[in-house]
Amino acid sequence: MLSALVILPVLFAVAVALVPARHAPAARWLGVAGATLVGVLSVVVLVRFDVGDGGFQMVVDRSWISELGVSWHLGIDGISLFLVVLTGLLFPLVMAGVKPEGSAGQHDARAYTAWMLLLEAGCLGAFLALDLFVFFVMFEVVLVPMYFLIGGWGHGDSSKAATKFFLFTMTGSAFLLVGIVAVAFLNQQATGTLTFDLVTLADSQSLATTTGRWLFLAFAAAFAVKTPVFPLHTWLPDAHTQAPTAASVILAGVMLKLGTYGFLRFGIFLFPEAANYFAPLLVTLGVIGIVYAAVVATMQPDLKRLIAYSSVAHLGFIVLGLFAFTGQSVTGGVIQMVNHGVSTGVLFLIVGMIYERRHTREIAKLGGLQKSAPVMAVCFTIAMFSSIGLPGLNGFVGEFLVLIGSFSTRRWWTIVATTGVILAALYLLWAYQRVFHGTPEGDNATMPDVTRREGLVLVPLLACIVVMGIYPRPVLDRIEPAVDRLVARIDDRSPYDVPADGGTAEEQR
Amino acid sequence: MLSAVWLIPALPLCGVLVLALFGRRLGEPLAGWVATTFVAGSFVAGVVTWIGLLGHDEEHRQVVFRLFTWISVGSFSVDVGFLVDPLSITWVLFVTFVGALIHLYSISYMHGDDRFGTFFCYLNLFVFSMLVLVLGDNLVLTFLGWEGVGACSYLLISFWFQRDAAATAGKKAFVTNRIGDWGFMTAMFLLFWTLGTLTYVGGSGGGLLSASETLTTGTATAVALLLFVAAAGKSAQFPLFVWLPDAMEGPTPVSALIHAATMVTAGIYLLARLNPVLHLAPSAGDVIAVVGAFTALFAATAAVAQRDIKKVLAYSTVSQLGYMFLAIGTGAYVAAIFHTITHAFFKALLFLGAGSAIHALDGEQDMRRMGALRAVLPITATASIIGWLAIAGVPPFEGFFSKDEILAVVWQDNPGLWFVGLLTALLTAYYMSRQVFLVFFGHARWDDPAHGSRHPHESPALMTIPLIVLGGLSIVGGLINLPGVETLGHFLEPVFGERELHLTVSGASQVALAAVAVVVAVVGILIARRLYLRDPVALETGEHPSVEPELLRRAWGVDGAFSAFFGGPGRRLALAAAAFDRSVIDGAVRGTASVVQRTGQRSRVIQSGLVRRYALGIVVGAVVLMVVVAVGA
Amino acid sequence: MTVTDTWYLVLAALLFGIGGVGVLVRRNPLVMFMCIELMLNAANLTFVTFARALDDVGGQVVVFFVLVVAAAEVVVGLGIIVSILRRRPDATADDLNVLAG
Amino acid sequence: MIDAIEVPSIDWVALLPLTSLLFGALLLLATSALVPGRLVARLAAPFTLVVCAVSLGASVFVWRRLGEGTAPFADVADAVAIDRFGVFVAAVIAMAIALSTLLAQSDRSLQRLGNIELYALFLLSGSGGVMLAMANDLVVLFLGLEILSIALYVLAGYDVRRRESREAGLKYFVLGGFASAFLLYGIALLYGATGSTNLGQIGSFLAANLPSHQGLLLAGLALLIVGLAFKVAAVPFHSWAPDVYDGSPTPVTAFMASAAKAAAFAGMLRVLFTTFPTLADQWRPVIWVLAVGSLVVGAFLAIAQDDVKRMLAYSSISQAGFILLGVEAGSSFGVSSALFYLLAYTFMVAGSFAVVAIVAGGGGRPRPADEGRVPQHRLSAFRGLSARRPTLAFGFTVLLLAQAGVPFTSGFVAKFGVLGAAVGADSYALAIVAMLTAVVSAYMYLRIVLTMYLVAPDPGAPRVSIPAMAGAGLVVAVAVTIVLGVVPGPALSLARDAVPTLLGAG
Amino acid sequence: MELAVFLVAAAFVLVGALGVVLSRNPVHSALMLVLTLFGIAVLFVQLEAGFLAAVQVIVYAGAIVVLFLFVIMLLGVDRIEGLARDPLVAQRPAAVVVMGAVVAGILVGVDAFSSSQGAPSMTGSLSGAGSNVEKLAEVIFTRQLFAFEATSALLVIAVVGAVVLSRRGDADSVDDGAVGDDGDQAVPPAPRGVR
């Protein structure tokens, strides 16, 4: 079942690549079919998921490279469940709904589709992996399709941005790889068996404190780059700006989550003590990221760059939540990963639509689009409000949980982080004003509104924004047990007296 | 009967959905009628609920309806549920009532706008949000409504988005409100952290309201002040008032509904709702009272010099809200709420009247080009005069009672603040008189050849009916809480209990105070009359420059200071941050890359292509290896 | 004064050093090659010295093989040098720098 | 008076992987001398492939035999080690010869120079490599190295008409001779210090009595490592590699980078791991220095190149650095990781050079103006290759990404292995240096990929035609690269079984 | 006696070696090489390696050096090499220093040898009965039989190599002189650091 989620897209990718050149357009629809099938599968997983169980479900554990103690160990729990579903649904949507950019002559639908599918496989693999080796393999391999997508179908100086993206991330992974290998081999020295199995390694806890801290740092280096955590974020605006729309959506929606997910699943899970030790650092960086990225975002002349910086700020919230170590904050962080994927996805989609029509993303050259494209404006507004954290939309749920949870352990930082709420409104509304308000002139006045095809992509995502804002219970109920287990692990080593089920300060007195 | 409560917000929500999906197809004026119907239905549901609530005895007038659990993680859990008690139902009634009237008015006012349906959709959404705000059974749901009304305010202020001023004003309103939201959220975090719940009534610990009695003074003060930050943002208190005058860029019904009658009173509601916390924090109460009084006076001075008819009303609103905060800070919740209700009536009336005048003059808002409209707009003029007398505090209009009550309570608590209030009352009477004189009396200045010939005529019935209704209410509204009878006070008794500061001054003193207030009002009117109806120049030009200093028109330059800060140092800071990001942080990245690359280029020299150099390299390597081996040994 | 093995070994080391310096300082490829032969001979001398010191035939046998290797190397090496010098008789080792960087 | 010399027993079958190459070469030469006409020339390549196959088959057979009851042993009077280590490397070398042959067969300019000697030299050189890998005696090691090298000197200068080729030949020869003098001198000192050249005897001698004064021993060891490090092109003994790789005919370069490197590493691994384990504390720092140097220099100089062939040359230096990671670990896991790396790298590098040769027009119609000139190895020749030859570009991309260590390629598993070995031996600093330089190298690989995919082809770019033989070689290389990346298990377990032990002791 | 022979032979060796390095004329270098090889042959005799001494003279001095001279004469490259100064900056001092360091390192090892040694007579005694040639032969055909056979490959390579390298490369007409010989005749390019 879970294996199929990973393998199916690969098979379809191969099939797509083998389509003869003259049927290239058909390849795209074959790819969409594949992605849709995966999406359906992910929904099946969602349906079959046992709500109350905080452990790993639907586990697949087969030997892969027994010589290295590597096993094909997949499983899903509340933390990964919605990321998987998000991935499963986002891919068919963007593949079907977003016309690949690039001039007609250069564009090869087969390559594009195949890369997308491989990207999907990698992302799903990373979210499902319970084996450090498998995770790393997936974590690293996604760079390749993304590199080609940005480089091959991007805008402007896309090859440079793609290279920057690749190398920056790879530098982080370099440390991760050393860390993973070290964890496994140190465990082998202690217990005699070489294994990369997450659960086994986490349970054996054979590391000395200092070693654990160093290894956590190695892990954190990779995840901090991927997330990205301030000050390692500068690849992101470049990558987003030059990337084609679909890649941007996937990058923001899914790939950045590999970083935060990695922190949670591997960094915190394997090294609870070290995670605790370094939590102040990461929380600080997360909060700096929230404020700093927001301030920087206000002055971006490029709409896409602005949204990219907003991503940095949002991921700062997630990092804050994850490292505040309370049930609410971590749950909030997890659900915020999904929320950010959806709402920022919509924003990027719309920017892509604008670019497709106007061939520019420069805010100064746009204006009054609400007049010519009212539906687009409405869609943007909803996603913007979600991004700002307006209650009733999904963004609020995550942000609020993160903040209210973090408040009990990181009071002052939370108060600072909350100012991010003001700043988010400032830069997004200002951008909205400059792009959509005012009187349209020239090409802005004649810009066509959202087409039906584009609408079909936006509507499910917007529905998701609203539904998850009003009734997030089904999501939260599934996330919470897994998060509780994780938080309980940390609490054993936490300097804070935070009861796992969140008693109050009053009770503690 | 009480179970109809869910209908109260549900009906406007239905309106939103219907208009969002079919608004365009319904067209004009059907969309407006649909919207109005839903809000009116909501009012009816409110009345039904109210009657149901009256059926309970006083101690049990607090009923919670939980629909479903909204967000629940660990110990944190909030529902979507409604708390029906005298406080919330009071708001529900006047919000839906005034709302329905303004909807009705808008049908005509928005005639011809190509986004007619959208306008009503937003209006309905606003009413829905406002109802959620007041009915929500927990702080988070209140916050949802709080933010919802903010968002609607944003959408409606910038409704005519092609106008830059409107777009900017909308943004400004939202962002300024967000500063308040920061306070709101932080207050929630603090409350949850200390009390473990955000639900007002019921749930663990018996609910927020009863549990908050266990708060320490420090925490309570912090929470109260944070909530006041929130309220100051929403209710335009100093220094966060700056958005409200600009918000007048929105259509006039919006100004009437949102920026006068309802939304801006949300801050009052919030503080009244959390009165147990306030009660524990007397020093916070002092802060609120002082800021309220200051705002009242400050805004009144600014109103004196405005030329835009709506700006006068906007500053007036700020000023009146200051009164309410003065009352809240003093502990006179009922007085504050009483004034909120009366203000809702007369300020809505004034706005709608102003709107009618603007409408008649094809959008003219400058009072210097109005005058003598009494003749051509009889209904509008009559209604506006009623509103003027009400706000000026002339008996027996409703404003007299509510303002008098506040002043009396404040006198009892702090005569200094009372004097500020009195001064404000004087100014209020003055500037409102000025407005009425400039618009409805004196010479007609609208037929300025530069602006073409105008033929103002009375607005259609759809616009005048609300004027008439509100005018009537503005006359008799004082009845709901007549001194001595205090219907409203008794109704709200269960909410505030002994935390309400009751008047203890003697009846004679009360009468004396009232007399002073009336005198002050009359003096204000007379001064205005002297300056604007007896001065030939002022009659001709519609202004009296010596008493309209530029500084006051710019509200003492506070708004300008904000703009200067954000446009100057703030902008520079952001630009610096962006430059820092580009040059330092990304520069470090690019620098590393280029250092690596340059090192590579430079090191090519060692690959000289010369065999003998290579051989030398081998020998050097051999030496190195021998050394390393020796050292290793 | 008896001639100990050390004398031979030191001599061999010196020969090795001179040969090595020769490779580094001479530009004529033929002479460079000769210097390499000097170095091989130094190794040979070392082998033979050790063979006597250890009273072991093995060392001498090695020299035998080294001779064969040297011969083969000379054939191939001279072939390569010829192929270059034939086209450009005055070429020195320093002139061969088309390939660099 | 002379006693009949008792010839030592020889297990001929066990020597088959080696002898088949040697006799194949001789047979080829003899036939070509006896049979006139172009028939032999035409059949030379298939014949060479058959010889490789036979050698490979023999390797498989011996491998099996060694698994079934026969313990590894030292053959021919302890001079040759018959163990799975040698067999493994022999197999790698046979495959490398086969790939290089396929490549050479497609190179018209080499074909015109006469192919029989070329293949014979491949086979002879390869046999030297196998000898090096199987050597259980320093003399055999030296001879193997010389056989390998001298044949390579000839091969490097094979295309005598081309100035670059001649220059490569001379540079390689002079420096190679210089380095083998060091090697020989080192062997002499080791002989003096231990009394034998036989690895088994040296090993047991050292195990029994580690001399208190180790000067001679260590000096000998250092010089021995100089000689071997030169052959694997480890920094600071790498300087020949870029120039020689660049100047040699491309099929020869492929052979050097694969077979020669594998053989030299095999020699290094066997000597250090089996014979001098007692001196590990001394030689591990040495290898550490070599590894760091190779990683850094290989990566930094590679990114400054504009010529793909040179880029790959520098890349091979940095790959050598990675393999040295496995050597440095000094553990059996390190050895097996290094062996796996060699196996994987053989295919990666042979395939990569195949692409270079194809693009350079080795298979295309010779353009008289280009003949003998600097070939089309420059990066600009790869512009827009994906548009002109998508499959070729894709294949090259796979190989390049494999060298960069991207997952699901053999390169990743290989890097993972040596990294594991390094970490297992507590060489964290080395591991981190390795991974960071891998990032730097990745920039270079990406540059090539970028040029192929994201730069429009030059309008006048020549048509690239893929000759069948080179194409087949490329397909095999790419396929193996991917298969070893996805299911590396079997190959890993082979490498694990191939860890050598000291043979012929006592 | 031994001392005298050693000193004379050593002088031959060193003078010859220095002569090889310092002669400006390659012919002189070759002749000096003969001197060295001869000196070494004498030392071989001193070291009880009579057979090797003979082979040294015959093969090395006789064949190899003759080959060198033959090539020099054949190509007419007996030109005087200007040794006044080295065009490569600091090459000479560096060469002397680093090579000196290597020699010093070896000498340190040699010194250490006087107090430690390998196992004696591992392969076979040198001093036992039988002639030097016999002993060598026995080892070559037993212990080192494999190496002996391997040398055959070496010789084959030498032959093939000679054949390959001696081609004028004119298997093909498009060649040398014209385009193929790529301007070796041109002024030698200055050493370039960066291409």
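Letters A, B, C, D and E mark the chains in the order given here, with residues in each chain numbered from 1 onward.
Operating definition for what follows: a residue touches a chain if its C-beta (ideal position, glycine included) is under 8 Å from a C-beta of that chain, and two chains touch if they have at least 3 such contacts.
Predicted model only: the values in this text are computed from it and were never measured.
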Smallest number of touch links from chain A to reach chain B? 1
Set of chains adjacent to chain C and to chain E: B, D
Sorting chain pairs by contact number gives first C-E
Taking mean CA positions as centres, which chain lies farthest from chain E? B
Furthest chain, CA centroid comparison against chain C: B
If I average the Cα coordinates per chain and compare with the overall Cα mean, which chain comes out closest? A
Suppose each chain is reduced to the average of its Cα coordinates; what separation in Å results between chain A and chain E? 67
Based only on mean CA positions, could you tell me how far chain A sits from chain C in angstrom? 65
With chain centres defined as C-alpha means, what is the inter-centre distance between chain C and chain D in Å? 26
Averaged over CA atoms, how far is the centre of chain B from the centre of chain E? Could you give it in whole Å? 99
Which positions in chain E are in touch with at least two other chains? 88, 91, 94-95, 99, 102, 105-106, 110-111, 113, 117-123, 138, 143-144, 147, 151, 154, 157-158, 161, 164-165, 176, 181, 184, 191-195
Where chain B touches two or more other chains, by residue: 601, 604, 607-613, 615-616, 619-620, 622, 626, 630
For chain A, what residues touch not just one other chain but two or more? 167
Which chains touch? The pairs are A-B, A-D, B-C, B-D, B-E, C-D, C-E, D-E
Interface residues, chain D side, partner chain A - complex: 387, 401, 406-408, 412-413, 416-417, 419-420, 423-424, 428, 431-432, 435-436, 438-439, 442-443, 446-447, 450, 453-454, 487-489, 492-493, 496
Per the contact definition, I'd like the list of chain E residues that touch chain C in the complex. 2-3, 6, 10, 13-14, 17-18, 20-21, 23, 26, 29-30, 33, 36-37, 40, 43-44, 46-49, 51-52, 55-56, 59-60, 63-64, 67-68, 71-72, 74-77, 79, 81, 86-88, 91-92, 94-96, 99-100, 102-103, 106-107, 110-111, 113-114, 117-127, 132, 135-136, 138-140, 143-144, 147-148, 151, 154-155, 157-159, 161-162, 164-166, 176, 181, 184-185, 188-189, 191-195
Within their complex, state which residues of chain E touch chain B. 88, 91, 94-95, 98-99, 101-102, 105, 191-195
In the complex, chain C residues that touch chain E: 1-11, 13-22, 24-28, 30-31, 33-35, 37-38, 41, 44-45, 48-58, 60-61, 63-65, 67-72, 74-76, 78-83, 85-92, 94-95, 97-98, 100-101
Residue positions on chain D within touch of chain C in the complex are 139, 142-143, 146, 150, 153-154, 157, 160, 163-164, 166-171, 173-174, 177-178, 181-182, 184-185, 187-189, 191-192, 195-197, 242-244, 246-247, 304-305, 310
